[in-house]
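So that we are looking at the same thing, I have put the structure below in structure tokens.
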Amino acid sequence: MDFIIGHYNYWIAIFLMMTGFYTVISRGNLVKKIIGLNIFQVSVFLLYISMSTVKGGAAPIITEGVKLYSNPLPHVLILTAIVVGVATTALGLALVVRIKEAYGTIEEDEIHQQDHSL
Amino acid sequence: MSASTLLVVTLLLPLLGAVGIISARRYPNVREGVTLVTASLVAMLMVVIASRFLQGEEFSLSIAEPIPGISIAFKIEPLGMLFALVAGLLWIVTSIYAIGYMRSHNEKHQTRFYAAFAVAISCTLGVAFSANLFTLFLFYELLSLSTYPLVTHTGTDAAKKAGRIYLGILLGTSIGLLLLAILITWFVSGSVTFQQGGVLAGKLDPAWGGLLYALFLFGIGKAALMPVHRWLPAAMVAPTPVSALLHAVAVVKAGVFTLLKVTIYIFGSDYILGNDITGVLIWVAAATILFASLIAMTKDNLKARLAYSTISQLSYIALGAMLASKSGLIGASMHIAMHAFAKISLFFAAGAILVMTHKKLISEMDGLGRAMPVTFGVFLIGTLSIIGLPLFGGMWSKWYLGLGAVETGQLLLLGVLMLSSLLNIAYLLPIPVRAFLSKPAGGRHYSEIREAPKSILLAMMITSVTCILLFFYPDPFYQLASMAAGGP
Amino acid sequence: MTNNLILRVVSKSLIPLIIVFALYVQFHGDYGPGGGFQAGVIMSAAIILYALVFGLDAGEQVIPSTMLRILASLGVLIYAGVGVVTLFLGGNYLDYSVLGGTRVAGQHLGILLVELGVGMTVFSVMLIIFFAFAGRGRP
Amino acid sequence: MQGHLSLLLVIVPLIAAPVAAILPRGRWSWALALMVAAICAILAGVQLWAVVHDGVISYELGGWAPPWGIEYRIDAVNAMVAMIVAGIAAITLPYALLSAEKEIPEHQLPLFYSAFLLCFAGLLGITQTGDIFNLFVFLEISSLSSYALISLGQKRQALTSAYQYLIMGTLGATFFLIGVGLIYSQTGTLNMMDLALRLPEVSGLKTVHTGFAFIMIGFALKLALFPLHLWLPNAYTYAPTVITVFLAATATKVALYVILRVLFSVFPLDFVSATPTGDLFLLSGMAGVISASIYAIYQVDVKRLLAYSSVAQIGYMALGIGFASSLGVTATIIHLFNHALMKGALFMAVGAIIYRIGSCHMDNIQGLGRQMPWTFGAIVIGGLSLIGVPGTAGFISKWYLVLAAMEQQAWIVVAVILIGSLLAVVYIGKIIEVLYFRAATETHLAVKEAPMLLLAPTWVLVIANIYFGLNTELTVGIAQRAVQVLGVTPG
Amino acid sequence: MIDVFIDVILLAFLAITAVSIVRMTNLFAIIMLFGIFSFLSAAMFVVMDAVDVAFTEAAVGAGISTVLMLATIALTRDHHEKASVSHRPWLPLTVVIVTGAALVYGTLDIPGFGDPEAPAQMHVAPYYIERSVAETGVPNVVTAVLASYRGFDTLGEVIVVFTAGIAVMLLIGGRRRKSNAGSNEGDENDK
């Protein structure tokens, strides 16, 4: 029981990751792929933060009388990772816009048809 | 000039020639001039080097060492000297012939032809002088590549197909088997340098020795042993001078030469004899001799017949190599030279006939002899030398091969040799005979047909006369051959 | 919707507040949650809101795109520049300690500066991206 | 002081990038980029020299001692890779001027060169850093910029290829992130050397195994290791020529470096050898060599053909890793270097053709070899090197690789390598025959040889191919040094 | 216990949102759900005492990303995903299941949630908490680590943002060109 209490957090995070991952590799809609990618990444962030939490620990802002803080390092890493994530998203969406302009669709298989029907 | 400089010059000269040829592409006469000058210079250099070498001078040179222990280096030893001498002397003759042929046949892309030819010669010399397997392999490959444009010269689809077979088999066997063999040699013996007595003795379990030798035997596609002989008949689409280069001067000879080198300087005859490495493989050569001769008989196309004759003749050399006895090796080495002069005469003649009469088929050549006595005279001499009758150089090599067979007690092989000589008679002799004696088909006369142009005639005469001279003066070839075979 | 009076009035009064909040987040990052990145995002949100309400062209007039490009580069240069300065002051790259009289003072100043750089770049890049997407749609 | 050098190697292009972005003219940005690349090449050279002579360089960023701060840690391995990246960049940029002006609209050139510098800086950052998360950050810098650069290709497929690469690349990076997280959760550190110290005691844990697997998969994606290579052919085919040259010669090499680093210096050897990693690399290597080479034979677009051959070449490198013997890894590192040379030269030569006729489709380039002899020569020599003909750099790598295979008695691998070379003969022969032995179409009879500015860089690489085929003191010497540093057990 | 309760509730909501995102095909709704998803995860971060992360996630995930996605579908003008189950679903499914299984396997001997003795909490992190105020004078440890101890990462982060800006300008900066250059000519060379 303790084991489950201690781990369900990770497992749900993993479940979320996999839903995102699945969306990326199974869906043909370019926008949806990117949304999936975002879900994947956010869930990875959850995993990290789960690793950083300390029971009874406070947010890592030093204040009088507080002894226990949660681990600041993963927070920093994830802050960076979030930024990387949004940068990727912006770039990906920009590509989608251009693809739409060039092909008139954002469905993968239709694009393939166009390229190979040539 | 110091020994090493002489070596460098010899290797670079043909390349410079190629550059000159390309830069003179606008002026055919200058271009051919360059070819002739370069060729004769090379020939002279060969003679000079040979004489100084026979006086016991050391020629060696190392350029680079890409991998510790494996260097691009040259060192002249008797066998290489013999091969280089043949190639160097025949280049000039071939060039003389080529000029006449290419012009009267007005071929395209003559510049590319002469340039590639020169490069090919340079690679051949590289093969001849190489001091280790690595260098030899390098130039062996370069030779295949530089002769590719010559084989596909006419640019027809047939030529392209031939070219593909040519490169396909030669590169395929060399990369797939020869390179592997070299790697294994290096792996077991830690050396790929040619040295008297070989490098494998004591390093390689004889059980594996046979396998390795087989890798070499079939890896050296240029030696055209069956079943890797297909490229040679395919390549006959090329212009006659190219065939001369392939069959006599450079390519196939480079093949059998490599085989001899490997036998003598990598395996070492003692190792082979001591462990009966080639006991089985030798029959591949024997079989090739006979089958090739039989196939030759069935060919009506003159060039094709000559091609198969070459295949069987090459196997003489392979056989001699695998006998690995002193006489056998001498015979094999000498046959490089003897066959070269004989076969080149035959091809020259064939080319002359083609140029003047546009006839390819033997059956159409009845009675031509009266119209072209010189040409067929040359053909006859070549034939007799191939057969190996006395009065012709070809006799010596066969003689020693026979001795070799006897030495090693392989009387059956002696039988093979004799049988094949009979076959030679059967598929070569009829050609000149019918040309001279029997009447032209349909009883018409070849009054309109004349002899080939001067330069062609000249070239043919030189080679055929040499065939005879070689009977009376087999030195220096004999001397070199016996030195190579490790004798006095 | 650009001619919806209430919206205009509300946003007119809202935007300054957002900007103030952004500045607070920017400079209070040392003590509370927040910092250059969040501040940049919020600040850009203010402009985006403005552009949404008063139209894209109005938005672009507030900050022309060349300006944005320069700001974005400037932010990076400030951050990297701080590092270069520390190099010249004999420290390792981004070792702020050498910037001030005391280690701590130096660190404090350094952190302030780089957060500023972060804020600038994030702010302007967010706007660049927004204007790029929004501008693409125009006839 | 050397520390500062190693730092500047990354910082100079990093600072130059924003400047390049705000310069008004394409040519100014180009000049800046060229200058930066030249400086970096020199710095990388000095760094390599320093490392080889006085050992490892360590530099504490922000003056914080590792593992609390980020550390730059340079030994023979990454010094060599940095040298490749910087050198290739310095050779590519002169080539870029004309090629890019032809393929990229003028008003985009400043941004183009800015992105190029960012990609360059990112790759250098990956090689230099000793901190596994910092590595992730710079990985993303190089990746994002390369997505953008690829999307600038002239055909619309460039967009889709860039998108495909973006998805694959981001998945790879996220996998890597997951792996790092799991490892961190058991070691509490991100510094590679520190990890190497602390991993042995926890190497039994499932978490560590999973983390290791995810890091490997993540970078296998980046490396385009068969069968995760699907993004590579498209990306290389449709990207602007300059970018293809640069990425083909550097990006995969850097990814390979990371794999080597993680495999041999971060994780303990007994841990790795306990996992099936080696065999997996062997399998994927063999499959990659054969299948990709066969694919290459059937391509009709020369750029795409070369792209598939790149996948095959990556397979060779994987084989070397798979043996996990010092000889094998030596071979891999040598090939890593040589392949940069040959692919750089080949793509540049092809680019010269594209520059002239705007295409490198087999039907359009017939007989061009006669019109463009120097370009053709470059392709021939580059091709020979790719095949592995003696006297070229390619032969050296193959030689060591085969010896490594023989050492392990892995005769199948030996066969695969030789077969791979034969297949290479076929696809190179195909290009050469089309270029030289087919008659040129009337329209192409007017085509001139490519301009000097394109030929010179190409031939620099071509000559390098021959030089490093004849003199291998540098390559082999450094490779063996690198293998010592990595601490691969002698086979 | 109460925080565990909140925890579970949030996670449950997250799971529900994620699944419905996978299942739905209306892009507009999907994007809205994604906004909610990242708000929920932001809340999750707060629960786990990661205030800065929460703040950023809210501003970026729920803010910027969502806006960009909306802008995109506004531009591409199709709000419906083709129900593209035509792709063999079993292949991705197996991949996902294998990956997930591997991860779960990996978590089996990861220290329990919130365990203060976990190695992650022991080695490097304590140093920051103990020394940051003394060394940098910044009470917000996250800011201290972000800007100073790992300041170089943050420089990299800024560069990433900058790169994104450059990339977007290269791709869709400026007005849309009438004919998408290169989209049509030259295509005859692709097959």
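Every chain is named by a letter (A, B, C, D and E) in the order it is written, and numbering of its residues begins at 1.
Here is the rule we go by: a residue touches a chain if its C-beta (ideal position, glycine included) is under 8 Å from a C-beta of that chain, and two chains touch if they have at least 3 such contacts.
Here the structure is a predicted model, which means the values were calculated and not measured.
Touching subunit C and subunit D together: A, E.
Counting C-beta pairs in contact, the pair that comes out ahead of the other among D-E and B-D is D-E. Across the assembly, the mean Cα position most removed from that of subunit E is the one of B. When each chain is reduced to the average of its Cα atoms, B sits farthest from subunit C. Once CA atoms are averaged chain by chain and compared with the all-protein CA average, the nearest chain turns out to be D. In whole angstrom, the spacing between the mean C-alpha positions of subunit A and subunit D is 28. Distance between chain centres (mean CA atoms), subunit B to subunit E: 72 Å. With centres set at the average Cα position, the gap from subunit B to subunit C is 80 Å.
The set of subunit D residues touching two or more other chains comprises 14, 17-18, 21, 61-62, 64, 133, 137, 140, 144, 147-148, 151, 156-157, 178, 184-185, 190.
Residue positions of subunit E touching 2 or more other chains, listed in rising order: 51-52, 56, 60, 64, 68, 71-72, 75, 103, 107, 110-111, 118, 120-121, 124-125, 128, 139-140, 142, 146, 148, 150-157, 159-164, 167-169, 171-174, 176, 180, 183, 187, 190-191.
Each of residues 17, 21, 51, 59, 61, 73-74, 77, 79-80, 83-84, 87-88, 90-91, 93-98, 102, 115 in subunit A touches at least two other chains.
Each chain pair that touches appears in this list: A-C, A-D, A-E, B-D, C-D, C-E, D-E.
Within the complex, the subunit D residues that touch subunit E are 14, 17-18, 21, 61-62, 64, 67-70, 105, 107-108, 111-112, 114-115, 118, 121, 125, 133-134, 137-138, 140-141, 144-145, 147-148, 151-158, 178, 182, 184-190, 198, 202, 205-207, 209-211, 213-214, 300-301, 358-359, 361, 364. Per the touch definition, subunit A reaches subunit C in the complex via residues 59, 61, 79, 83, 90, 93-94, 97. Residues of subunit E touching subunit D in their complex: 102-103, 105-111, 118-125, 127-128, 148-153, 155-157, 159-160, 162-164, 166-167, 169-171, 173-174, 180-184, 186-187, 189-191. Contacts from subunit C toward subunit E in the complex involve residues 29-35, 37-38, 41-42, 45, 48, 69, 72-73, 75-76, 79-80, 83, 93-94, 96, 103-105, 107-108, 110-111, 114-115, 117-118, 121-122, 124-126, 128-130, 132-138. Taken together, the subunit D residues at the contact with subunit B in this complex read 387-391, 395-396, 399, 402-403, 406, 414, 418-419, 421-422, 425, 429, 433, 437, 469-472, 476.
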